[in-house]
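Chain IDs A, B, C, D and E follow the sequence of writing; residue 1 opens each chain.
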Amino acid sequence: TRGGDSSGGDGSDGSSDGSDGSGGSDGGTSTSGSDGELAIPLSEYEDADIDWRQFEGSSINIGAVQHPWVSAIKPAVPVFEELTGIDVVWNVLPEQQFRTKRQTDVSTGAGQFDVFYMDQVVNQFREEGWIQPLDPFFDDDSLFDEDWYEPDDLFEASRWQAHGGGYSDTWTGMPITVEVQTQFYRKDLYDKHDLEVAETLEQFRQNAQTIHENESDVVGTVGRGDKGYGMNIYILNTFLREFGTSLWTEFPTDSGLDSDGVINAAEWYVSLLQDYGPEGASTQTWSDVLSTMQEGRAGHIVSDANLFWPGLTGSDSSVADNIGIAKAPSPADGQFSPNAFNWQISTSKNAQNSEQAFLFMVWASSQPTNTWMHVEGDAAFSVRQSVWENDEFRSRVGENFAQVTLESLQEAAPDPFDRKYPQWGQRYSEELQRAIAGQKSAEEAMTKAASVAEDIYSN
Amino acid sequence: MSTPTQTETTPQSTFARLRDLWNDYLPYWFMAPMVLVMIMITFFPGAYDLYLSLIAESTLDVFAAEFVGLRNFETAFTRGGAIHSFVITITVVVSALLLETVLGFVLAALVAGVGSGRAKSFYRVLFIIPMAVAPVSLATIGRIMLNSEIGIIPYVINTGTPFAAPSFLSEVPLLTVILLDAWNWTPFMFIIFYAGLSSVPKTLIEASRVDGAPMWRRYVHVIIPYMKPVVFVATLIRLIDLFRTFGVVYGLTGGGPGTATQLVSINIYEQMFINNQITVAAAIAIVYLVLVVALCNVIIAKVGFEGVWD
Amino acid sequence: MAKITIDDVTKRFGEGDESIIAVDDVSLDIRDGEFIVFVGPSGSGKSTLMRIVAGLETQTEGDIHIGDDLVNQLGPRARDIAMVFQNYALYPNMTVEENMSFGLKMSTDMSADEVEEAVTSAAEMMDIDMLLDDKPGELSGGQQQRVALGRAIVRDPNVFLMDEPLSNLDAKLRAEMRTEINRLQNDLDVTTLYVTHDQTEAMTMGDRLVVLNYGELQQVGTPLECFYRPANQFVAGFLGSPSMNFFEGNVEGGTLRADGFDFDLTKRMQSAVSSRNELVLGIRPEDMTLHDRANSGHEFEAVVDVVEPMGSISYVYLRARSQSHDQTFIVETDGQRPISEGQHVYVEIPDRDVHLFDAASGETIHQRQLGDDAEMALEEQIKPAE
Amino acid sequence: MATTDSDSATASQRLDKDTREKLITVVRHTILLTWSFIVLFPLYWLASMSLKPPGTANSLPPDWIFLPTVYNYIQLIQDSGFVAAFANSLVMVSASVVLVLLIGVPAAYVLSRYDIPMERDVLVWILSSRMLPPIAVVLPFFIIFRELNLFDTRVGMVLMYVSINLSLVVWVMKAFFDGIPETLEEAARVDGATQFQGFRKVVLPAAKPGIFSVAIISFIFAWIELLFGLVLTSFEAVPVTLFVYSFIGSRSIEWGMLAAASTAMIVPVVIFLIAVNKYLAAGLSFGVVIKE
Amino acid sequence: MAKITIDDVTKRFGEGDESIIAVDDVSLDIRDGEFIVFVGPSGSGKSTLMRIVAGLETQTEGDIHIGDDLVNQLGPRARDIAMVFQNYALYPNMTVEENMSFGLKMSTDMSADEVEEAVTSAAEMMDIDMLLDDKPGELSGGQQQRVALGRAIVRDPNVFLMDEPLSNLDAKLRAEMRTEINRLQNDLDVTTLYVTHDQTEAMTMGDRLVVLNYGELQQVGTPLECFYRPANQFVAGFLGSPSMNFFEGNVEGGTLRADGFDFDLTKRMQSAVSSRNELVLGIRPEDMTLHDRANSGHEFEAVVDVVEPMGSISYVYLRARSQSHDQTFIVETDGQRPISEGQHVYVEIPDRDVHLFDAASGETIHQRQLGDDAEMALEEQIKPAE
């Protein structure tokens, strides 16, 4: 299982790349008159009280990140095209490049993308007035059928993040994938050293120590240490909640970052990585974490995306058979509250085809599509609870993985991405990185982070 | 050739007229396309950045724009970490430039002196290749190769040498950036210097040998002065390129750890694409442009680019 | 200051079939302090030989000794030479002063003042002292050449190598420079190799002349020796301007039948000729005389083809009246002698001034005779040279 | 030039030239081989990553010896998108190199040979086009491109690459032209060549090392360009660089494919280099023909 | 084929105080088909003037006409000239053949075959036909120069400009080339400007000589005119090798008192001198004679300083016995005449061969006399030149 992004696979298996075969990174398909069997019977959608064909003949341009969702949904896209008569054009890019492209598009009012991936910058974009709120479309009966769509089947956390993480009253986009933090460990090492899977942070630290000290060439644990708002603080934000605080105890005047809880959480994470982490832990990104684990050079990943699962158990991994998954640990006296992250898809104010885009969103996140992607495809990131409960799916991905994910998701609390989160988050993560690198204490770092964050809002 | 319009022929047929027109105004024809392209790629972007740097919020509607004077510049320097990035940038520029220039020249001179044609070709091709590794590939693969746990380079150092490998990205990030840049871009200097060396007339070298100059003085007094325009230009261009280095460093360290490798270009990038403060980014860019232009002017005034024949 | 030994030196350029032999098995002993002049036609290997001595070119075969050291393995720097390049090879980026002082700065420990003094005095000698701050590109050809010469003579090397150092100077300046170089060479007593195409320089400057042709040594000897006692027809024809006139002919019973005239061989000649049949008679233009009418049997009639008045003298191009082919020969006459094209004159070939060469090998078989004093002086010169 | 020589020995303390030469050769090659190793090692690693079976790319201790598999390359080649982008880039970049030389070299010649008013300012102005980091100018470029309908066109990308390299070509070539004595053109003009012919037939050949060097550098600069390609294209004109990065996913990196694509990207450069190799060193160096 | 008019041409290099006047207000009418030889000391502006005619340098002041056209504004191409550069300026990247054919390809419509034929025949003439495929860098100096010459002569231009085209050739080759150039110039009848430092070339090749010094025109005239009737002391001293001997002196009642000897002025001289006091007496080395003892009052005693044997002749450097300063003068004698350093001889200065110059201005005030025929021939030459 490839992490599922290269256009390598999808270009060819999608359908006969008609018009844009030469396109590079899109690997796109825009087949209108697809011949062969449709992946999902149209009947699945025809129950809905939605006027699917009202935009027949138009086309939408989707800007997407190189992400498993894209490869998972592409085979089903002909279904949408058949259903609506709308052509779908893809523009798929690696994450960092996509950000640049998206920003250029919206900030210059180009409106190239009718649908685009949306993440931590959602409130930033929303406040700039670049994002088209979806509520008017939800209210439009020809576009949305609540009974059929069952919005409540979406995880609470996902819906919350699609509302700007609490900062928006309206839908800023439709969640398409969710990932939640889980714990990965080496079953063979656990057996060897007779270890129990940790439920608490204390146990986890113990386990890490045991492995670190008794194994040569294997570090106790790995975790994201590099800066960036999606990096080390993505992990730390979990712990700080579990240590009993939250970000922005008082928005926008008190970031809460200098509270005891945050400092304790930071100290715990910092010392964990320093004591039992790899050399240069402070510069490890998710890919280093993943690679280190894949190479069998680490005992655990304390907590990271459950989406590592395919990578860790697939052919890229030298320890594929020995990876265990469990819920992320939490403090003995704290509350389990793993971080979760949704990708959502949004549409911009300048987009030509926002309504068509909405139809696509509805279709893409609908139950039939989702279920098909997860049962027939190799997806494992559904935002729909029903999918995680689907037996076929569970047996495909493994009971254990599904159950851990489901339970975690039910308790999950994603980060609230306030509009300047990227900005202060970046600085906050820099501070944390400094602490991990041992340049300053966790307390100093967090105090600094707090003042930076508050300063950014004071202006 | 100081008179650009010295007539070459007396006009006869239409064809001849056209040809004369071509020849008589040759310098203008030669310059025109370059000037056109230059106008296109400098004036508008420059003006646009200047405009952005003076307004409150990015908008394409000039009439709706709210001009805020120098506020963006203030933000850049008080909050934006601009000064820090300038310092970091200058550190990287100076050290990498020195390293690359010296290394590039030494390698070029050594390769030029290789006796066997095949060996020469081999070195010549090989030494240019690093430049062809795309920045993000280099950064990504560099990261994994330098990874303290699973990287091949620390592994080789640790097992193959008596030294312990430092943790490249966290302990010596600046050095790592400089060394990687040197690996990546010494070829640039190498190739230009090499070409420059091969245009030094052989007799000059012979004359200096007869004059009793030892090898290094021959380079210092005869060869390098002869190549001065080439050395100067290569160094200046590399200097400018170093100032705006982005891809490899961003991919390698993202400007970290902390802000240890926060180059100006990374700063601008973050202001623009992370903080969404396009106007502040533009302000930094303008300051940056002014500084680099000034620097280049100073360098040109001090060193001059006149060749041996002027 | 050092003797130089050139030992069976051969230089080939290029490989295999394409290769050119620029220097062909040349051996030569040059005494310490000697002034050797190389002459030879264009492309005969003079510069190449010089560059081999300088260490700029590596001989294909053979050895070079400077002093008592075998220097095959040494670069120019170690050989401690100063050289005037045929193409000047001035440093375009340096001023005249810098050009001239460069060698001193590189090869000696002289202080800046000493260097400056040396350069200034050399520049004065070369009459380029007012050009010291100019770049070579701003100089005339002759000025550049003088800078090149000045650059060499400021040095105090083991060996001077000068490759046509005066070719771009006017006659007057050339005469001055010649004297300066001779004086300098005498003062410093530096072994000197000198290439020139100028007859005057060749005859007056060197202790010995080295005549090359196609890379092969033709003759080594004092200038007068080479002039009066050429080893072969090539040397005889090469030295002296205008060249010696050559007349091919067959010997028939004591008489050389050339095309257009007969020449009676003297006894001495006849014995030298012995059984040879095909001969070449050589006589210099200045040794032939023109008469308006025949005085004795020795003269033959000729028609004036062209007259080149040179001022004090004229060169008269003549064709023997009864000659079958088109070739002319030259006679030098007084510049004021009235003579015009188409005129018939009688040409006298004095016995004593005649050289005879073997037509096939070119070897000299009979040398001219000189006046008694001149003969003696020449004999004396030749002896020490051996 | 820079021939092996033995100048630094004086007559008294001299080493046998053979020994010296050997010594110098040894030192020379030691340095060159060391650098070769420094250059080659990462390249070797890159290539070996692309040839290793999945999952072993980063294993330690490394599999120095392994059974190479071309699996990744097959994947790459089967991916029509990659091949198309590769070809597309090759065409666009080559075209841009030709164009930038056509525009830049003549301009450099004029700047070198004629008295241009405010020459220094003109030169600095030209240079200023490459002073700003691309991210600082990418937005205005995006706007211009949309206005001129150049967005996502190959023509647009070719122009883009030209603008990236133009200043380099102009400056470097000016420097090379400065090193060519004007006498040669004088001879050409006297021979009846027009200024243009003198430039083309006499000056250009003498500047060959410079031209081919800037050609290579321009090629590489354009070939590895990412940001403009990203922002200014979406389907038609997408360059291969973007494709290479597509193996860096959100939650996984396909090391083998990334390495294979990166290695594949080096290939045209190497071919180009080998093709022009001999020109890189063919300047005036074959002896002096004018007396300086 | 065209006449050339040089009209008050001045060329200054550099600006302001630093400026050098390379050509100083030169005016010259050159007839169609004429062969003009420029001579003058190194740095006197010969090359510069030539480059101005070529259009390579723009004169600071004055006009150049070629044919009837004012060409000030025209580049070299439009002037249709062929030039041999003093520094050759061969194209290093082209073979000899390409070098030679370049001009033909540029300036004519000749077919490839015609070009090849022309090049081959020129190369044969220059004796470089076996070098056609070589690059200039592989040639000897003289070979390069011949290529440069060949490159010019293959063309059929309006004007030939040759800047010391034979300076690196040996005497023999030079004589051949001289003939070839003369023949070619006669055949094509192309106006030719020729710079040389060689006396023989200067005297024999040109229709007229142009003597320059410090950028100023000194004299224009036929070679013999310049030789026998120098306009001033500079020209007299510059032409002829060795140079004319000059003796400064004061006139005291019909006698010139020089340092070391007295010379009685003839009547004609006295009238020419009129009231001038400070004079310079000039006499060529070949016109003075040496005697072992005094024959008449005209001789004075001198001591031999140096003897330079040149073969057929010798140059004897002498110092008047009673001379106060150190200067020597030169006398040419027969090469076989026995003479040695330190010897005392008597020097005769024939009246008829003496020139007199004004010491201050250098102007000639009395010209030597020639034999009647020579005198007449010269008179004839001078007339058409005026």
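Heads up, the rule we're going with is that a contact is a pair of C-beta atoms (placed from the backbone, for glycine too) under 8 Å apart; a residue touches a chain by one contact, two chains touch by 3 or more.
Here is each chain with its UniProt name: B = Sugar ABC transporter permease; C, E = ABC-type D-xylose/L-arabinose transporter; D = Carbohydrate ABC transporter permease.
Just so we're clear, the structure is a prediction, and the values are computed from it rather than from any experiment.
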Rotation angle superposing chain C onto its copy chain E by C-alpha atoms, nearest 5 degrees: 180
Two chains sharing the most contacts, counting C-beta pairs only: B-D
Computed distance of Cα centres, chain E from chain C, in Å: 22
Geometric centre distance via CA averages, chain D-chain B, whole Å: 13
Length of the line joining the C-alpha centres of chain D and chain E, rounded to whole Å: 55
Separation of chain A from chain C, taking each centre as the mean of its C-alpha atoms, in whole Å: 93
Residues of chain C whose C-beta touches two or more other chains: 75-77, 80, 87, 89-92, 137, 141
Two or more partner chains touched - positions in chain A: 100, 107-108, 287, 291, 295, 297
Set of chain B residues in contact with two or more other chains: 2, 8-9, 60, 140, 144, 150, 201-204, 209, 212-214, 226, 272-273, 278, 308-309
Footprint of chain D on chain B - complex, ascending: 1-2, 4, 8-9, 19, 22-23, 26-27, 29-31, 33-35, 37-38, 40-42, 44-46, 48-49, 60, 103, 106-107, 109-115, 119-121, 123-137, 140-142, 144-145, 150, 152, 155, 159, 183, 188, 191-192, 194-205, 209, 212-215, 218, 223, 226-227, 229-230, 232-234, 236-237, 240-241, 243-244, 246-247, 264-265, 268-269, 272-273, 278, 281-282, 285, 288-289, 292-293, 296-297, 300, 305-310
Residues on chain A engaged by chain B in the complex (per definition of touch): 99-100, 103, 107-109, 121, 124, 128, 219, 222, 226-229, 278-285, 287-288, 291-292, 295, 297-298, 420, 422-423, 426, 430-431, 433-434, 437, 439, 455-456, 459
Of chain D, residues touching chain B in the complex: 1-5, 7-8, 25, 28-29, 31-32, 35-36, 38-40, 42-43, 45-46, 49, 58, 60-62, 102-104, 106-107, 109-111, 113-115, 120, 123-137, 139-141, 143-144, 159, 162-163, 166-168, 170-172, 174-176, 178-182, 185, 194-196, 199, 206, 209-210, 212-213, 216-217, 220, 223-224, 226-227, 241, 244-245, 248, 253, 255, 258-259, 261-262, 265-266, 269-270, 273-274, 277-278, 280-288, 292
Footprint of chain D on chain A - complex, ascending: 2-8, 11-12, 17, 20-28, 61, 65-68, 89, 91-95, 97, 100-101, 104, 107-108, 110, 112, 179, 217, 286-287, 290-291, 294-295, 297, 305, 307-308, 310-311, 315-318, 320
Touching residues on chain E, where the partner in the complex is chain C: 13, 39-43, 46-48, 86-87, 138-143, 145-146, 163-164, 167-175, 197-200, 203-204, 223-224, 227-228, 237-243, 284, 286-287, 308-313, 315, 335-338, 370-371, 373-374, 377
